[in-house]
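Read from first to last, the chains carry the letters A, B and C; within each, the first residue is number 1.
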């Protein structure tokens, strides 16, 4: 017996939101097919406050002009937590985004969101992953109170949970990470970096900052240290990793292991159809601190992937191993077994 | 020795067998001073066409970086002081003089400068080794990546009326290098083939010994006496 | 008015009877003003202690302690949210919100903003106060200057973390399970094997962190004994002691004695070291330094 299958709901085309640490990377991302790029100012107002990275006001203005000329959007991350008694540079950053006609600002701090909603009513607000809004009640709090239009979901939920969240919070949009560096802790709720170095993602915009990193060559290989703590040792034949605290090797119960996570990168190319069906509005690629070559390769791959899924074609088989950390990939928290 | 500094006689990255290495051997008798005008020209070009680089390096003005193309017989010293930037070619460098050193084959360093390869990926796979102050290296990497350097375009723009002949020479040279690279690869394979064969045989022998050892250990655990 | 002492919620997975007896003894003997009860780290642990909560609250109330119910820190499922709603609906007890969703659903009633909310500046503080926060426990990584700025701006009571392993991070993944090649779903509650957290050392065997299930903590115990008086002067009204697997009655008595000026800091420090054998102490954060450092005195 044959029965007609109900036609599947038409898939919504997700926006591809791509990282740009410099104007050159912004152009690379857009030329490779980004719908949006996200950027930050060259100071501690954003969570990728890395040496030599990010945009000054002139560069942002030019970047926005270039993006808009190609039909792409520019989102600006002002996603650290303003210092008590000194909120001025954060307020200035939000005001400049409004003035330069950024398509949205990505904010994490309640106080700053409150300020933005009051003083810049026409500026579109996105909730940063650093706010760690992991459930519908938290998300609705930001939407009802401040008119947040989109929330970047913390990397703690499974695809199934994301679908359930989307069903409960519509029409608030969700954005999820599809590729790149992977926080294994709930973002914005992690003080590991400041515990070791005094520099924190929330306050200073840098996790495991380069200023506190040291590599030492020994006869056995390379030792990487952060704030004086050994984070890992690599044999000469082993691929090395950046000493991000949660990707280090530690001893627990007398056994050395990657206790928190291996040096690895999130890669969801294989589960893109599931994420699209979960009703996600935008796919985010991590890596403002990576170069143009990374941006071009990853954006190109995900452009092909998303377009293939929407056209009902099979997923392209694209090898991104060579640009992932430790040459390894994971689908992270999107699959329950990861927990 | 301070941690993270280069030991005098250590080559952290083995130079690949390439045309550059051969060129390096050929350049060995040349005094670095003779090459200095080339680097003066490069710096002039960078300052004119990519002022952003020094701008992004502003916080690291007093932190010179040594760039060490491991396949060439000289190193390059970059002093990023925005008021008086310098790019100096030297035979060698005392690690105490610089904040950090970047070691890598010339081909990799040039690709990195042009943003054609991902610096992190190179580092993860050990094709690039950095020592010393990681922060200044990250800043330099970001500054250069952000500049959007295209060496052939940049240099020809500096040359004015000579641009067109330079361009055609340069692309011919790139083609030629590519072809030489293939030939060299063939040569390299031929040269090391006997060694590879030996090493493969040794590996097989080691695997066999490991397996035997495992069996013995298991037996020891179970029966007390192997 | 002198500063008050809060006993934070027990973050570890202690046996239910051990936990009950711990609270009974705190009620009877510890010189603390407020005691937090409730599971913060992992919802899988919640059912075990539930039968004892009523008797514990009663005993604490009878001893004149204020009781606060602490919420989960990371709420990811409808089941966990329902539990939080349940908690927030208790009209008799103050609730500590450790996730912003819990603050949102207490809607206008008084609540405590927990240490795991991100309160870094006056704007966020004012927002939480407008929502009903009467007390705010600040994040561990704030410097003394930030704490003072917030205390100056606050209409609510400002509390800071003064003793015990600092909760540094929370995750969806369980590292106690992972360290034993288990997944969170099939964890066998192995976190109960580590009543003071699982020690995490660097490859050079230097103590660094501690794992408490999905939570990552400092290896060092926070110790603000040397800083209590100056922080009190800068406007801090409460100090939180995180329960560790040590004599918390004696620990709280030391903090009380130093706050009251009845014991010299040096003597209290000696006694604290005696109460916590093998433990390294830290106070770097309040001095604007790395959290693991112990700063004797500001230059």
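Following the convention adopted for this analysis, contacts are C-beta pairs under 8 Å (C-beta built on N, C-alpha and C of every residue); 3 or more make two chains touch, one makes a residue touch a chain.
A quick note: this is a predicted structure, and the numbers were derived from the prediction, not measured.
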Overall pattern in which the protein chains touch one another (line/ring/star/complete/other): line
Most extensive contact between chains (C-beta pair count): A-C
Most centrally placed chain - per-chain CA mean versus overall CA mean: A
Distance between the centres, which are taken as Cα means, of chain C and chain A, whole angstrom: 30
Chain B and chain C: spacing of chain centres that average the CA atoms, whole Å: 50
Multi-partner residues of chain B (each touching 2 or more other chains): none
Residues of chain A touching chain C in the complex: 81-85, 87, 108-112, 114-115, 131-138, 140-141, 156-157, 161, 164, 184-186, 188-192, 194-198, 200, 202-203, 227, 229-233, 246, 249-253, 255-257, 259-261, 333, 336-339
Footprint of chain A on chain B - complex, ascending: 3-4, 6-7, 10, 12, 52, 56-57, 59-60, 112, 115-121, 123-126, 129-131, 133-143, 145-148
Chain A-facing residues of chain C, complex: 73-78, 80-81, 84, 99-101, 103-105, 116, 118, 120-128, 139-142, 145-146, 149-150, 153, 166, 168-175, 178-180, 183-185, 198-206, 208-209, 211, 216, 218, 284-285, 288-292
Chain A to chain B touching residues, read off their complex: 21-25, 27-28, 42, 50-53, 209-211, 213-217, 225, 236, 239-242, 263, 289-294, 297, 322-327
